[in-house]
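Common to both upcoming complexes is chain A, partnered first by chain B, then by chain C.
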Partner chain A sequence: MSLILQTILDGLVLGGLYSLAAVGFSLIFGVMNVVNLTHGVIVLIGAYLAYAFWHGLGVDPLLAIPLVMAALFAFGYVYQRGLIQLAVDRSSLLASMLVTFGVALMLRNVLVLVFSPDFKSVTPSYAFTVFFLGPVTIDLVRLSALGASLVLLCVLAGVLRWTAVGRVIRATAQQDLAARLCGVDVRHVYGITFGVSAAFAGASGAIIGIVVPFSPPDEALWTINAFVVVTLGGVGSPSGALLGGLLLGLISTLTSQLIGPQFPNAMMFLILVVMLLLRPSGLLGNAFSGSR
Partner chain B sequence: MLAEGIRAHRWWIVAAAVGFAVLLTAPAYLTPFQVRVGQLFLFSAGLGVAWTILGGFAGYWSFGHTAFIGLGAFVAGAFELHVPLGSPVATMVAGTALGSLACAAVSAVIAYPILRLRGIYFAIAMLGVSQVFAELTNNVDAFKGTMGINMPNAVPASMEPQTFFYYVFVAATALTLGVAFWVKVSRLGYGLVSIREDEDTARMLGVPTERYKIWAFVLSATLTGLLGIVYAHALGYITTGSVYRTDFSLNMIVYALLGGIGTIVGPVLGSALMVWLTQVVLGRLLDVHMFITGALLVAIVLLAPHGLVGFARKLLRRGAGGGA
Partner chain C sequence: MRRFGRRDFVKTVGATAAAAGLVAAPAVRRADAQAKTIVFGGSVPLSGRAAETGLNVNNGYLMAIKYLNEEMGGVEIGGEKYKLELKMFDDASDPARATTLIQRQIDEGVDFFLGSFGSNIVLPTAAITERAKRPMVQSGGGSDQIFTQGFKYVFGMFPRASRQFISSVEFFKAMSPRPKSISVIFTNDAFSKTNAEGAAKDSKAAGFDVLEMYGLPEQITDVSSVLASVRSKTPDVLICTTHDQNSLLISRQMVATNTNVPLLYQTLGPQLATYRETLGKFATGICVQIYWDERAPYKDKFFGTAQKFAEYYRKHVQRPIAYHTAGGAACIVTYVQAMQAAKSIKTEPVRDALAATDVDTLYGRVKFTPEGDGDAILLGPAVGQVQKGVVQLVHPAAAKTGTLIYPTPKWSEKT
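On to the complex of A and B.
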C-alpha cells in the first residue's frame, strides 16, 4: 500500500514538472497554432543558465528563476518577431515547424559546444534533506520543485485571467482578426506570448536541473513530453497543462512500477495515439478545428 | 492514363533513364568512400520519394516514417536469423519480401484510424507510432532490439560489399521512383492531390478519399520498409537505435521540402544536396555539423519556401519575360 502511495506521490511531483515544462508549449500552440519544436531546448537553456548562475556566482537555482525568466522572455520575443513570424508569413505553419526544428538543432549544438555533451546537475545544499510523511518519503528538492511549479502555474493562470496583457493574449487566441479590429497589435502579442512561453520553459528548466541530471540531447524528450501533456490536457490553458502533466507523471511512474521499468515511454506514446484518435482536443477540450 | 502520363513527362523519363545509366556505371571509377556516399544518396532519395507519395501528394505529413524502416528491418532480420534458407541470397530475398509485406500489413491495419487525423495531429500521431514500435522492438524478445541482430551476409564473393549494396539500392530506389511516378499520373495521384488541396470538397465531389489515403499510406510505408531492409543489410548489424531513428523521419521531410514538396524530382535533388553537404563538405566539421544543418534548414524555409524546384520555376518564369 505504501508502495502505491509512494509511486503516486512521485508521479505527482514528476507531473508538476511536466506541467510547468509544457505550459509554454501549450500557450504558443493555442495562441498561434505554431508547434514550437525549440521548446525542449529552451527548457534546457533554462537548466544550463541556472547551472551557470549556481556554479559561477553561487546563486541558488530557485532564486535564479526570475533572472532566467527575464533572459528567456527577451530571447522568446526576439525569436518570434525575428524568425518565426517571418517563416509563417513566407510559407506555412507546417514550414514554421521546420524552422523551429532547425533552430533547435543549432541551439543544441551551441549547448554542446559551450557546456560539453556530458550530464550536468545542480546540487544545492538542501539537495539531500528528506522528509517522512507517514509511510511515504519525499526529499526537500522535489517538494520545493513541486511547490515552485504550482506557484508559477498559478501566476501564469492569474496573469492570463486578470491582467490586461492576459486578456489581449486570450482575445488573440480566440480570433486574431477580431482582435486586430479592436486595435490589438497582434504581432506584438505573438511576441509577448512567445516570450512568456520561453520564460516559463526556462523556469521549469531551472527547477528540473535540481531534480534530475540533464544533457543537451534531452531536448527532444522535453519537446515530446510537452506535446503529450498538451494532447492529454487540452491546448492553451494552464489548467489543461496541469491536468495533462500530472496524468503523464502518474502514468509514467505507475507504468514503471506495475508493468515494468522499460515500458513508461511505450505506454506514454500509446496513450498519446489513443487520445489523438478518441479525443484530440484533450480532456479539458479546447477543441481545435485543425485536428479533424 | 499511364500512357498519357508517360507522354506528358517524357523528358523527365529520359532524364531519369540517363541518371540511372550514370549511377549504374559510377562504381567503376569511384573510390569506396564515394560509393558509400552514393549508397546514402540513393537511400535518402528513395526515402524522400516514398514519403512524398503520402506527404507530398496527399499532404499528410508523417513525422514517424522511420517506424517502417525499423519494422521492415527487424522483421527481415528476425526471419533471416531464425529461418535460414539454402543460399544467403535466397535468405535475403525472402527476408526482404517478408519484411516489406509486414510493413504493408501493419500500415494497412493502422491506416484507417490514424488517417482520420489531419495536419499536425497526424504528424505527431505517427511520431508516437514510431516510438511505440521502437519501444516494443526493444522489449519483445524475438526481435532482440537492444542486443541487436547480425544480418546474414549475402554479398557474393566476387564483389566488394559497398558495390553490391550500391546496386541493390539502385534497384530499390528505381522501384520507388517507378511506383511514385505511376501514382502521380494515375487516378489515385489526382485524387491524392485533390485531398491535399481540399479534402472535404474532394470527398463531396465523389473522390473516395478514405480509400485513396489508405492506398497512399500503404504504398509509402511498404516502400519505406523495403528501403529500410536494404539499409539494414548494408549496415550488417542492427539495433533499435540504428534503424528507428527520428532523424530519418525528419530528413525525409527536409529532402522533400528542400527540393520542392509534392514533386518527385524534389526529394531526389534535396537528398543529393543534403548528402553532399553533410557527408562531403561538412564531413570534417563534426563539431558544428548540427548547427550548420539547422541553419541551412532555416535558410531554406525563409529563402526558398517552395524548394529548389519552386526556385527554379520562379527563375524560369522571370527568364521567359513573364515578369513578377
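On to the complex of A and C.
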C-alpha cells in the first residue's frame, strides 16, 4: 500500500514539473496555432540562466525565477515579432514550424558553445533534504518544484482570467478577426503571448535544473513531453496543462511501478495515439484556434 | 628622365612578386612532395548527447598527434619519417551523420580510422570501415555486437561489454565483509544493457544473489519508482551500468529519497569532476570503473610514462583529463607501433600487426582478443572509490591508492 502511495506522490510531483514545462507550449499552440519546436530549448535556456545566476552570483535558483522570466519574456517577444510573425506572414503556419525547428537546432549549439556540452546541475543547500510522512518519503526539492509549479500556473490562470492583457489574449485566441475588429493589436498580443510562454518555459527550466541534471540535447525531450501534455490535457489553458502534466506524471510512475521501468515512454505514446484518435482536443479541449 | 611614379611602383612590385612566385612555386611543391603524411580519419561527438566524453576522446587523439609531430618530429616507419594528420569531424552524437562522414572519408581515400564515442555510433561506422577493409582502432565502443560479427579490421581498447565485469566481480569477491546480494540498474541502450547482462551473469557465477534487474528507458528524468523498489528490497551492492548524466540523476535521487545501499557501484559518472562537485560530500564512497589512472606505472615508448602524458596534456589543455582521453591517445600510439612493426603504411599489413599487437603504452599493456576487443584482464577496469572528492583506486591490490570504505555510511551520516 505504501508503495502505491509513494508511487502516486512521485507521479504528482513529476507531473507538476511536466505541467509547468508544457503550459507555454499550450498557450502558443492555443492562441497562435503555432507548434513551437523551440519550446524545449527555451526550457533549457531557463535552466542554464538559473545555473548562471546560482553558479556566478550565488542567487538561489527559485529566487532567480523572476529574473529568468523577465529575460525570456523579452526574448520571446522579440523572437515572435522578428521571426515567427515574418514566417507566418510570408509563408504559412507550417513555415513557422520549420523555422522553430531550425532555431532550436541553432540555439542548442549556442548552448554547447557557451556552456560546453558537459551536463550541469544546480544544487542549492536544500537540494538533498528529505522528510518522511508516515511510510512515504518526500524529496524537498521535488516538492518545492511542485509547489512553485502550482503557484506559477495559478498566477498565469489569474492573469489570463482577470487582467486586461489576459482578456485580450483570450479574445485573440477565440477569434483573431473579431479581436482585430475590436481594435486589438493582434501582432502585439501574439508577441506578448509568446513572451509569456517563453517566460513560463524559462521558469520551468529553472525548477527542472534543481531536480535533474541537464545538457543541451535534452531539449527534444522537453518539447516532446510538452506535446504529450497538451494532447492529454487540452490546448490553450493552464488547467489543461496542469491536468495533462499530472496525468502524464502519474502514468509515468505507475507504469514504471506496475508494468516495468522500461515502459513509461511506450505507455506515454500509446496514450498519445489513443487521445488523438478519440479526443483530439484533449480532456479539457476548448474552442481555441489551436484545438479546432 | 621620367619620374618613377606610384603606378610604376605598383607595376614593378607586382612583376617582382609574380616572378618570385614563379621561382618559389616549384620549391613549395617539392616541399609538399617530400612531406609524407599519414592521415587518421573518423568522426567524434563534439556536440549532442555524447559530447562530454566525445571531447575527452578527441583531446586524446589531438594530444598524441601533437606530441608525435612536434616533440618527436614525426614517426619513423620502415626507414621513412612521417608526419601524422588528424581529420576528425563532429558527428553530433548521431549515428546517421557519423556513417555519412565515414563513407565520405573512405571515398576520399582515408586508410586509417579512429573511433567515435558510444557503441551506437561505433557499431554502424565500424561496419562501413570493415566493408572497405580499412582498420579502425577505437576507445569509444564496448558493445558485444561490435566484436561478435566477425569483423577483422576493428580493434577496441575496452573489453567487450559482457566481459567488463569480470574484474569487478573479483573486486566484490575480495570485499570484506563479502556482499551477498546485488541489484542492477541499466538503461535500454546497447552498451548499458549488455554490460548489465554481463554483470548479472558473472555475479551469479561467483555465487552472488542477483535480486533485481531494473531496465530504464535510454533517457530518464525520474527513477523514483525504481528507488522505492530498491528501498523495499535492498541489495548489498547496487550496480548502475548507466552513462554519466543518468548516473548522476540516479545518485542525486537516491540521496534525495534517502535510498541507502551499503555500496553504490556505477560504471560511469563518478570519474567526472562535474559529478563529484555536484554531489559534494554525498559522492564519498561511490565506486566507479576506472580504466586508467595517471598514477599507474604504465610505460610508453613515446611519452615515457602515463604520468608524463598527463603532464603534457595539462600543459596544453585546460579540460580535466579523463581515462577516455588516455584511451584516445593510446589508439594513436598503438597504431604507430603497429605500423612500425609492419614496416608499412598499407592497410593489410597494419591490420595484421594490430591483430598481433602486444605493447606497453601510456594506457597499459595493449593486446587485443582474436575478435578485436581489449584483453579482459590486461585492459579490464580497475575499481575506484570517491574519497574526499578524489577517485582512489581500491582494486586490484597492485594498483591501490586507497583503502575501500565498506559498507559506506548512510547519506545522512556522510561528512
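By definition in this document, the second predicted complex is superposed on the first by the 286 of 292 C-alpha atoms of A that agree within 3 Å, B and C clash if a C-alpha of one lies under 4 Å from a C-alpha of the other, contacts with A are read in each partner's own complex, and residues count from 1 in each chain.
We adopt the following convention: contacts are C-beta pairs under 8 Å (C-beta built on N, C-alpha and C of every residue); 3 or more make two chains touch, one makes a residue touch a chain.
Bear in mind that the values here come from a model prediction, so they are computed numbers and not experimental data.
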Applying the document's definition of touch, where does A:Leu62 land relative to chain B and chain C: first, second, both, or neither?
neither
A:Phe101 in the overlay: touching chain B, chain C, both, or neither? Say first, second, both or neither.
first
Which holds for A:Arg90: it touches chain B only (first), chain C only (second), both, or neither?
first
Under the stated touch criterion, which partner chain does A:Ala47 make contact with: chain B (first), chain C (second), both, or neither?
neither
If you stack the two complexes on chain A, which partner ends up touching A:Asn109: first (chain B), second (chain C), both, or neither?
both
Applying the document's definition of touch, where does A:Val35 land relative to chain B and chain C: first, second, both, or neither?
first
Classify the contacts of A:Asn265 with the two partner chains as first (chain B alone), second (chain C alone), both, or neither.
both
Could you say whether A:Phe227 touches chain B, chain C, both of them, or neither, answering first, second, both or neither?
first
Under the stated touch criterion, which partner chain does A:Leu153 make contact with: chain B (first), chain C (second), both, or neither?
neither
So which bits of chain A does chain B touch that chain C touches too?
108-109, 112, 260, 262, 265
Would you mind writing out the residues of chain A in touch with chain C in their complex?
3, 6-7, 10, 13-14, 108-109, 112, 116-121, 123, 127-130, 132, 137, 139-142, 212-213, 215-218, 221, 252-253, 256-257, 260-262, 264-265
Complex contact set, residues of chain B against chain A:
61, 113-114, 116-121, 124-125, 127-129, 131-132, 135-136, 138-139, 246, 250, 253-254, 257, 287-291, 293-298, 301-302, 305-306
If you look only at chain C, which of its residues touch chain A in the complex?
46-49, 51-52, 54-55, 93, 188, 214-217, 219, 221-226, 228-229, 231-232, 244-245, 248-249, 252-253, 255-258, 272, 274, 278-280, 282, 411
Touch list for chain A against partner chain B, complex:
35, 83, 86-87, 90-92, 94-99, 101-106, 108-110, 112-113, 220, 224, 227, 231, 260, 262-263, 265-266, 269-270, 272-273, 276-277, 280, 290-292
